[in-house]
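Pasting the structures in now, so scroll down.
The same chain A turns up in both complexes below, where it pairs with chain B and then with chain C.
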Partner chain A sequence: MSSYGMSFAHRKSRWMEGQGPSQDVVISSRIRLARNLKDYPFPPMMTEDKAREVLNLGCEISEALNHEGSAEYSWYPLGKLDSMERQVLIEKHLISPQLLRSAAISGVIISRDEAVSIMVNEEDHFRIQCLFSGMDLEAAWNLADRLDSDIAGHVTYAFDDEFGYLTTCPTNLGTGLRGSVMTHLPGLVLTEQLSRIVSGLSKVGAVVRGLYGEGSQAEGSLYQISNHVTLGHSESEIVDNLNSIVSEVVRRERSAREALLNRNRVKLEDRVYRAYGILTNARSIAASEAIELLSLVRLGVVLGILTHIPIAVFPELIVGTRRASIQQKAGAHLDSDQRDLQRANLIRKRLLAE
Partner chain B sequence: MRCEQCEKREATVHIKQMINGELEKFHLCVKCASEHGYFSGSFEPKLPIGDMLGSFLHSAMSDSQARGTTGQTRCPSCGLTYSDFAETGFMGCAECYRSFGETIKPVIKRVHGDFVHRGKCPDPRSKTETEFTISDLKRQLEAAIEKEEFERAAKIRDQLRDLEAGNNE
Partner chain C sequence: MSSYGMSFAHRKSRWMEGQGPSQDVVISSRIRLARNLKDYPFPPMMTEDKAREVLNLGCEISEALNHEGSAEYSWYPLGKLDSMERQVLIEKHLISPQLLRSAAISGVIISRDEAVSIMVNEEDHFRIQCLFSGMDLEAAWNLADRLDSDIAGHVTYAFDDEFGYLTTCPTNLGTGLRGSVMTHLPGLVLTEQLSRIVSGLSKVGAVVRGLYGEGSQAEGSLYQISNHVTLGHSESEIVDNLNSIVSEVVRRERSAREALLNRNRVKLEDRVYRAYGILTNARSIAASEAIELLSLVRLGVVLGILTHIPIAVFPELIVGTRRASIQQKAGAHLDSDQRDLQRANLIRKRLLAE
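Take a look at the complex of A and B:
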């Protein structure tokens, strides 16, 4: 059974809890497995009839995952969700924007705690995603592995001994596994070390990109680090390798923060308090300004400059003040100026409530 | 060029995509492109290899034309042509990997390195660690012979012999 009643904008996903290891630097960890069916053309070559058959399989799998009649997993055909609600799912990272390209013939299975989302008819027939709070790739991989084996009991995957799981794009061949760790790196940005580290990471098999916006100047100093190669290594090797790369980034971010404090503590405190001052007083704020200031306040919280704000408010505010989430929460369509007012209100009230 | 969707703004996003088995091209403005899921906010990393893939694919095709694959070579199972694949970077079905196998292998090698799958298998009959090592060594042996590194090839052959002997015990 699916519940279409309440908007996803009112719920928190598991990754937004602000818990887990290394949460001073790491916001969330995600594992994604790409899987295709042996007997169906891949999504780009499917006819609409075939796509609907795969969509029905998605619905059946959703029910099969609910062992003993539990209501852990729900099935959402994208066609049944309005465009605002689809956008909220993107803002919460539960679906990719690409899934919208074929909204009439795509769908997603989402677990009650929103740690699991399985996209159907995206670039591949199935994209199994597990998303956890903090640095927890192992937990995400263990869950994805279990779900994958469960699904393999119901369908026949496209698989080859040499190439592994056959994916629509050859860049995902083999394990079909992409791990992505969302990190907050204001220390490395402020000490101007980031671009050097980004180019270093590409040499050890990792890809770095801004979470919002491209290039090295990502909004809010939020960066995601992912593995590059998917073929020729076991899943645990890929996860271990990404883990050790991220651990090194975490270590450097911490020492950059330390250096900032030692170099000029008052200057850093001043920036944090100014950001806090604007966010707790502004009556109108654009998304791009909000995310930069929230990033500074989060840094202040982690460094103990601001002691009364729990770290869990940040994912909630970063997601909750984006275009669609903010309108779904308000229960109304808002133009850009109205959104800026609403955003300022939301952030001010949330921070002052602590 | 005007955006095909709103017919107002300048089209700056140019997309090639297979839809219902036909290669289609779109020219959209940034706003319309993002509303249709062609932009940003994705959790999926934009891999630089994805962009580079296109040029590899075209050069792989010209290398292999001597061996019979042309842009019009078609996968018998799904109907995708090699040139469709080179345009979009997307395979059409599981069978495509066989249909374009020899042409695409060098491309896969450039993306992932010279490896075979060592991860999970959908069947419980998954390979043992030794079996993985054996298939790896066999590939290394082929490569060594191809490069005429016979001393190395002899060493690999000995290693293989030992492993296979051990495996049969």
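Take a look at the complex of A and C:
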């Protein structure tokens, strides 16, 4: 069910390149625009017929985005994807778990490099998402803005002169813009500064969440930092504000790492090397243990403790060893024990290949 | 203070060759004979003058054992060894901790291959010990018996026609013989059969102790099995009895290992490989953790899970990474953190050298 003849688990999203500005701390940057159609009720209030009309619009927009017959964008009605493929899309951050709730009447447009995914009939009619590697909200915003204009050429958005873009949930009202930056903060976790910083961030309009967004647990010291407010500021102001908030977090994470090295370099090296030793030798490993150890190894790589592993390995392994991705890669349904075995093999071979 | 120009920590005892009969389970076999002199009070009741006379006898016997001017045996008055060297001798099982209690008036004769150590003025005037690699009580007994006769040519033992050899502690009365076999029982530990087997052994006249004898904790699944009774049986009977007791333990350990493999081979392989991964990567490791991980790696080697590591590595590392040996090898006094670092380096380099 893929246009490219291979399942999503075998492809690497652009954000998974793992390189980019501030790559020592920042994994990826995402801009999301929430948009609704003027002449349709918001998704929670839509009849199934209306929802199908919006779904058809999604398919049309996908084709329209392919200028001059290019095949850059593909349209995936969720009903045509099996449950494993849907799950892989979630693991790759291309769709939200919420999109599955109404799988029969939802769909997603995905670009070839997977930097763009436009969800149709999630909480809003359209959710335009641009996801880049490293600290690059600017690039993500520019692309999202361009796509937004392109789509506006085909449909009429629900827009109010006073409130701006109208959205299902009032927290998205106005710009409908949410920027999210995925950060790797092992230094702040190990020096026990994180909870203080998280509560500080909430006071400057930012929200901190775990790897898979709202309600998900923080694993592997990976934290998503997003803007809270979407109303009363221009898009550029929101992006600039989030940029400076994240820059400050990056600065603090770097000094936490410095402090760890200065306080007890051997202890830190020991933790990094033990994590590497387990990952390159274990024959069975649970997802939760794997991500914690990968986090330590990534820290070791950016600090120059481990020198032979490219940083791009981490997003690849963090996504690639999750429940659905690992099964799709294996081409089989695996029980929990089999997944742990497969995960250990995958990580071991990938790390030893370097 | 060594006849061979290097400290004890740099030399390998014969028992540390690590090979021999039933080497998959048995590390080493020891025979110890307790002997006292007819015309001297037992050590606890001796004056210092008398103790010094016995000490001089020890020195004379050492020379007498060197037939035709060979330099096979050396004499070490404990007062001439520094505290680190004394500790290394304990770690190598060449002397007992008890010998240090009266260091000024005690000594030890040690053979060049360290298969023989004869303690003078420990609990008894003489304690003849022969220590061999693998399951070889027979060889140890034959050598101890020969040395016993040689020494009897120079001194008169305290011997009673009814009781046999007289000893300070009544539990050694009769033959004065104690056989001890150091076994590696990870299978029985992991399958939780050990405590049942230990209590069974006590009913057939055997005692089970940890790595460093009486009162020491069992570490790394290493257990010393010894005969309890020394009176009322001939030496051969005692040796034969201990031999068959240990053979039965070996049989049970082997079936426990089989059971572990059959029950969940991946789980066992995973444990072995993780231990190997940590030992070949850690930058700091405590003695207690090191011995537990070495135990798992040794199990992996004898089960053919790890194929490139010679079994002789284990006694070398188990002794060589202990507190005093590690400092004597480093040629410096090290604090606890420094020892952990040195220990990790030593193990890592040794295992990676194979």
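We adopt the following convention: the second predicted complex is superposed on the first by the 344 of 354 C-alpha atoms of A that agree within 3 Å, B and C clash if a C-alpha of one lies under 4 Å from a C-alpha of the other, contacts with A are read in each partner's own complex, and residues count from 1 in each chain.
Going forward, contacts are C-beta pairs under 8 Å (C-beta built on N, C-alpha and C of every residue); 3 or more make two chains touch, one makes a residue touch a chain.
All values reported here derive from a predicted model rather than from experimental measurement.
In the superposition on chain A, A:Glu123 makes contact with chain B only, not with chain C. Contact with neither chain B nor chain C is seen for A:Pro21 once the two complexes are overlaid on the shared chain. Of the two partner chains, chain B is the only one that A:Pro97 touches; chain C does not reach it.
Touch criterion met: A:Ile278 reaches chain C, while chain B stays clear of it. Of the two partners chain B and chain C, more residues of chain A are touched by B.
With both structures placed on the common chain, the touch criterion links A:Met45 to chain B but leaves chain C unconnected.
Those residues of chain B lying in contact with chain A across their complex are 17-21, 34-50, 53, 77-80, 88-94, 97, 104, 107-108, 111-122.
Partner chain A is touched in their complex by these residues of chain C: 266-267, 269-270, 273-274, 276-284, 337, 341, 344.
By the touch criterion given at the top, residues 30, 32, 36, 38, 40-42, 44-48, 83, 90-91, 93, 96-101, 123, 129, 145, 148, 152, 156-171, 173-175, 177-178, 180, 207, 209, 212-214, 224, 226, 228-235, 237-238 of chain A touch chain B in their complex.
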